[in-house]
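Down below are the structures I want you to see.
Next, two complexes with chain A in common: one pairs it with chain B, the other with chain C.
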Partner chain A sequence: MAKKEQTFKWYVLKQKLVPYLFMLPNLIIFGLFIITPAIMGIYFSLTSFRGLGDTPTFVWFDNYRDIFTDADFLAAMWNTVRLVAVTLPIVFYVSLGLAVIISKELRARGLYRAIYYWPVMISFIVVGLIWQWIFHDTRGYLNGLLTTIGNWRIWETALFELPLLNRIDIGPVRTLRSPTFAWWGVVFLFTWSRAGYYMIMFVAALLSIPPALYEAGELDGANRWQKFIYITYPSLKPARLMVFILAAMEIFKIFPHIVQFTGGGPFDATMFQVQYIYEEAFTYRNLGSASAMSVVMIFMVMIFTGTVLLLSRRGGEE
Partner chain B sequence: MKKFLALSLILMLGLVIAACGEREQPDMQMMWFSDGIEGEVMEDMLERYREETGVWIELFEIGWDDYETRLGTMVDGDDAPDLIRTTEGVMNNFKEHFVSLDGVYDEAGFTNIFYNDDNEPIGLPMDVTANGLYVNLELLDAHEVEYPVHDGENWIFNGEERVWTWTEFVTEMEKLVGAEGVTYPGTYDPQGHRFMPMIYQQGIKIWDEPFVSTNLTSDEAVAALTLLQDFYHGDLVDDAPIANWNPGGAPSNFETGMYGFHMSGNWFASDYATLDFDWTVAPMPTGETGVRATLLGGKSMSAMQGENVDMALDFITWLAEPANHDEFNNGVPFLSGRIGAEIDFGELEGPYQVFQDEINATPAEYAADWLQMTQVVGIYPIINDMVQDVADPDGLTPLEALEKAEQAIMDSLEDN
Partner chain C sequence: MIRKPGIIVYIIATVIAFVFLWPVLYTIFSSLKTMSELRAAVPTFLPQEWTFEHFFDIWDRGSWRRGNLARYIYNTFYVAVLSTLLAVLINTMSGYALAKFRFKGDTVILLIILATIMLPLEVIMVPISRVIRFFRIYNTHWALIIPPAATPAGIFLMRQFLLKIPDDLIECARIDGASEWRIFLTIIVPNAKPAIATIAIFSFMWRWNDYIWPLIAISDSNLYTLQLHISTFGGEYRTNWANMLATSTISMIPMLIVFLIFQRQFVQGTVETGMKG
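And now, the complex of A and B:
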């Protein structure tokens, strides 16, 4: 009887212990490489640490006070918020649209999937480099093409004597030197490089919608649009939430693309928070101040994510 | 299948054993950055040093953009290199980590020596650098742009024995605006360092009283920065390198052959030797006072605190020997930090004579003034911000940018 009891206790213990043992390796890695640096970051944010073997001296909240009077940091923060506000809906709906299109029975559907997913496999640095080659003001392919077309002036030939076209002066345009062009270039570059990734998430979610729902909809006389609005879109709620949060966090953290694409320019027009923090830490060697900026950024992302989760719960089951 | 598995296992085992095998380790490591071929020249010298002494020094290169960041990480990780190629900025930012070279070489035989707070040298001057103006002769001649020429004794401009002024420079270079085959009249390295001679050319020092007050908000400094701002806003200079902070952009521009001038320094001369158009170095213009000035700088060899200090100092002693020192500067070629060194510049003799002439024409008090300026912690980012602020069409006025820079210098002096 005692043996039986001991075996049962051991069984219960195993039931409780084993899951934690499986989680242990990941917890150790998470603790060492995520939690510890995060705590160190909070500690450094309260000091005047400059790196280079410097001993951190407590300045308490001075760094926080200073960064909120730093006009350049506030500009980078505002720029990041604007980027999230503009890019997030674009990436979200482009990836959803692509997912809906390639989930249909199309010829060479696999090829389309590969094409749309292909930019995801390119490293961020290379993405930045590719588009810099294309958009560079003086050596870029875009301006090279415009110059060639401008010199070509086919419409001035006898064959195309069109008065309207003759008035068009085609030539190089200001690309990465223009703050507006560069900023929207970042929006385009991010969308191009990441939409495929979120598309795959939507495709997985789309394929898991029971066909019976569509059959029921058809019986009720629903058209394509109504089926999308009343069946597809609500069924995608968990995927939508995940894509929304993941994409937002990724845009908040945007950095390697930009360093290669615009370098944060022209004149800081594409200077976002992470690059600013990086430069504060490693160019100006203010690791304390940079840590405070990172903490502020974490809070921003947490508030955003929390709000999204709260709103999604309030909405209840659609 | 079994055979395949057995073979795979043997292969993996072999790889693991090979990976665990002891690799021969160098005796010391040297951190390096290159603008041209100087890394290759140093590699050859290290090979010879190994043959002579049996000491193996491994050279590893880091791009200049990441140089100080990587060094900082290595110092923090207690993994600093034994030897390192340094600039004044690097020596200043890390000065407590360098070994004193007091007595290691004869200081009287060298120029441009950088000292730590205890007035001990912490670098062996290797090559001397000077800012200068590269011009594309083919483009300038094609568009009848006048520039000073040397008659063997003096610079002649407009029939007079003198160099040009900035006003005359602008008048001449404006001939290239919109001209055929010209992208922009000129291109300028984005670093604030390239602008600073313009302040001296106005006839003033930057320090009013060293480490106490500056002349940065004087009329002369404002005039100098206004000139630079006009270059950018008036389309005389391509603003892409500074707008997108791309230091490599300016030399790339010049290499296209579609820019009339490139404001930079002697370190690009060896790279430009292979260009397929005629170019030379022209003297930099002066302010209305007629004062000529360049910004002297240089690269040094320093030893860092660590386990191999004695070996590192032995190498520096060896490197300071005239024959070895000259081998490096002749190999590139570079202007030498060794007084009396005879360097064969080969086909670059003409351009280097101009750089040497710029150095000779620079008043000694300006050279000393700049050396003191390099001792301000974080001076380079401060002056970089300053020029970027005025190049920005929506940025600051020259006076505002100079006031901001002055404040940042004072803050740095107070903090450090």
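And now, the complex of A and C:
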């Protein structure tokens, strides 16, 4: 009898352990490769660690003082903030627009959806390469096209004598050697490569809006635009929040897109935070200050996400 | 009630499709052009003269940069497959624990998993580089296989999916005296096939296209993955564009094939990982 009781107790104990055992592999990996590094990062940020054989020595907040007086880091940070501010609304509305098109009863809808989603499958390195090739300043398709148009215009104005048009000079541009072009090139590249992904999130939300809402709207005499503003847009709130935060985080940590596309140049025009941190750590071996930069970056992302969540809970718009 | 879309919608949709499709096709066609055509100031969309020479050149180890493409493809494939197998196994296990058990600390664990979403690799890459050295997996493929296999998105996707499996099924097996591991293998895994497929496909894509993990963990060029290889081709003016375009085309092809076969899972997966992760 006693033995039976013992086996039962043993069974209960085992049953209690089971879920932990199932969780174990994941928790070990999270613990060793996410939580531990995060804590180590905070520790490194307070030291003058230089990697390799160096032992970290405490310098307390010197790294933080230094990075906030480092003009190049501040420039990279400001550049990242500007990129988020510009790219986020573009990606957001482009993917929403794509989703609206895809959710219509198009013939060959699956084909359109597949084509819009297709760039998501291509690695960021190759995406960068594709656009670098198109924007190449002496062999690129863009400049080839501009040259062709320019030549054609001379021929045309000779025939029709259009002095005004003649003043506008169309020809090859400096593409990725121009800081402005390269910066907007990054905005474009990111949108091109990621819009399809966020589109899918919107599509799912669009298709789950009950048709009865639209019928009611129609009875009230709402036109297409009004239906979109008063029915579609408000119904999308959870999806909008999701896309907004995920896309923002992705733009904050932009890096592999740039590596092949511009490499951070020209003149640091496309130098963003992650690349700056990477170079600080692995090119200049300042692991301490690179860690401090990472901590600053985490805080930036957290403050941003927190603000967005707070505003959305209050019922405000993003 | 839903109106049939007019011709204008089709025109807009087609123009946009063109914007997404054209650059990729242009790149692929460029890799089939001859050297002199690649140098042309005004390039054409299609090659005037089709050639596969660059696709032969890139395999040659001696001709440029001493690269060994076959090896890089093998490395990438091997890492992607192993990491995917591990990801499927451990994410299914965790999803099962979170969906079908109530235990002390389960909310804490959920919170930890949520917190890891806020800590992407990009912000912890400096300490990670020390951690992988500490465990002596720096410059080994294990660093590309094990750490990325645990994904919050995978766990949430699996948990959400397994919540739909009736508890009775598991209880019955338990009464029949099946061990927990056996229940997992014979009841949970077969019932979770769609979610497993989604995790597998995404994991394969992430590992195939990954750049930052290999960048941090690998310095020996024999261990390079395809993306790392492509990224080391060098600056714009020293670049051998013919080989670069051909190599990129090769790196895109497996993903496009996977995509054409598993399109439905991709769409489903994006919705679910996005919403839940």
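By our rule, the second predicted complex is superposed on the first by the 258 of 318 C-alpha atoms of A that agree within 3 Å, B and C clash if a C-alpha of one lies under 4 Å from a C-alpha of the other, contacts with A are read in each partner's own complex, and residues count from 1 in each chain.
Everything below uses one rule, namely that a residue touches a chain if its C-beta (ideal position, glycine included) is under 8 Å from a C-beta of that chain, and two chains touch if they have at least 3 such contacts.
Model, not experiment: these values are computed from the prediction.
> Looking at A:L176, would you say it contacts chain B, chain C, both, or neither? Reply first, second, both or neither.
The answer is both, since A:L176 touches chain B and chain C.
> Check whether A:E215 is in contact with chain B, with chain C, with both or with neither, and answer first, second, both or neither.
A:E215 sits against chain C, while chain B stays out of touch.
> Figure out whether A:T138 sits in contact with chain B (first) or chain C (second), or with both, or with neither.
After superposition on chain A, A:T138 lies in contact with both partners, chain B and chain C.
> With both complexes overlaid on chain A, does A:R285 touch chain B (first), chain C (second), both or neither?
After superposition on chain A, A:R285 lies in contact with chain B alone.
> A:A248 contacts which: chain B (first), chain C (second), both, neither?
neither
> Applying the document's definition of touch, where does A:G263 land relative to chain B and chain C: first, second, both, or neither?
Once the two structures are laid over each other on A, A:G263 reaches both partners.
> For the three-chain arrangement built by superposition, which of chain B and chain C touches the greater number of chain A residues?
Greater contact footprint in residues on chain A: C.
> Identify the partner contact of A:I130: answer first if only chain B is touched, second if only chain C is, both if each is, neither if none is.
second
> Can you list the residues of chain A that touch chain B in one structure and chain C in the other?
Overlap of chain B and chain C footprints on chain A: residues 51, 136, 138-139, 176, 263, 282.
> Hey, which residues of chain C end up touching chain A in the complex?
Spelled out, the residues of chain C in touch with chain A are 1-2, 4-5, 9-10, 12-13, 16-17, 19-21, 23-24, 26-27, 30, 38-43, 45, 89-91, 93-94, 96-98, 101, 103, 106, 109, 112-113, 116, 118-120, 122-131, 135, 146-147, 149-150, 155, 180, 184, 205, 208-212, 216, 227, 230-231, 235-236, 241, 244-245, 248, 251-252, 255-256, 258-260, 263, 266-267, 270-271, 274-275.
> Show which residues of chain A lie in contact with chain B when the two form their complex.
It comes out as residues 51-53, 136-139, 176-177, 182, 262-268, 282-285.
> Which residues, counting only chain B, touch chain A once they are in their complex?
Against chain A, the touching part of chain B is residues 69, 72, 75-76, 93-94, 97, 183, 238-240, 243-246, 252-253, 256, 378, 381, 388, 391-395.
> Residues of chain A touching chain C in their complex?
Answer in residue numbers: 15-16, 18-20, 22-23, 25-27, 29-30, 32-38, 40-41, 44, 51, 98, 101, 104-106, 110, 112-119, 121-126, 129-134, 136, 138-141, 143-145, 147-148, 176, 192, 196-197, 200-201, 203-204, 211, 214-215, 218, 238-239, 242-243, 246, 249, 253, 255-256, 259-260, 263, 274, 277-278, 281-282, 287, 290-291, 294, 297-298, 301-302, 305.
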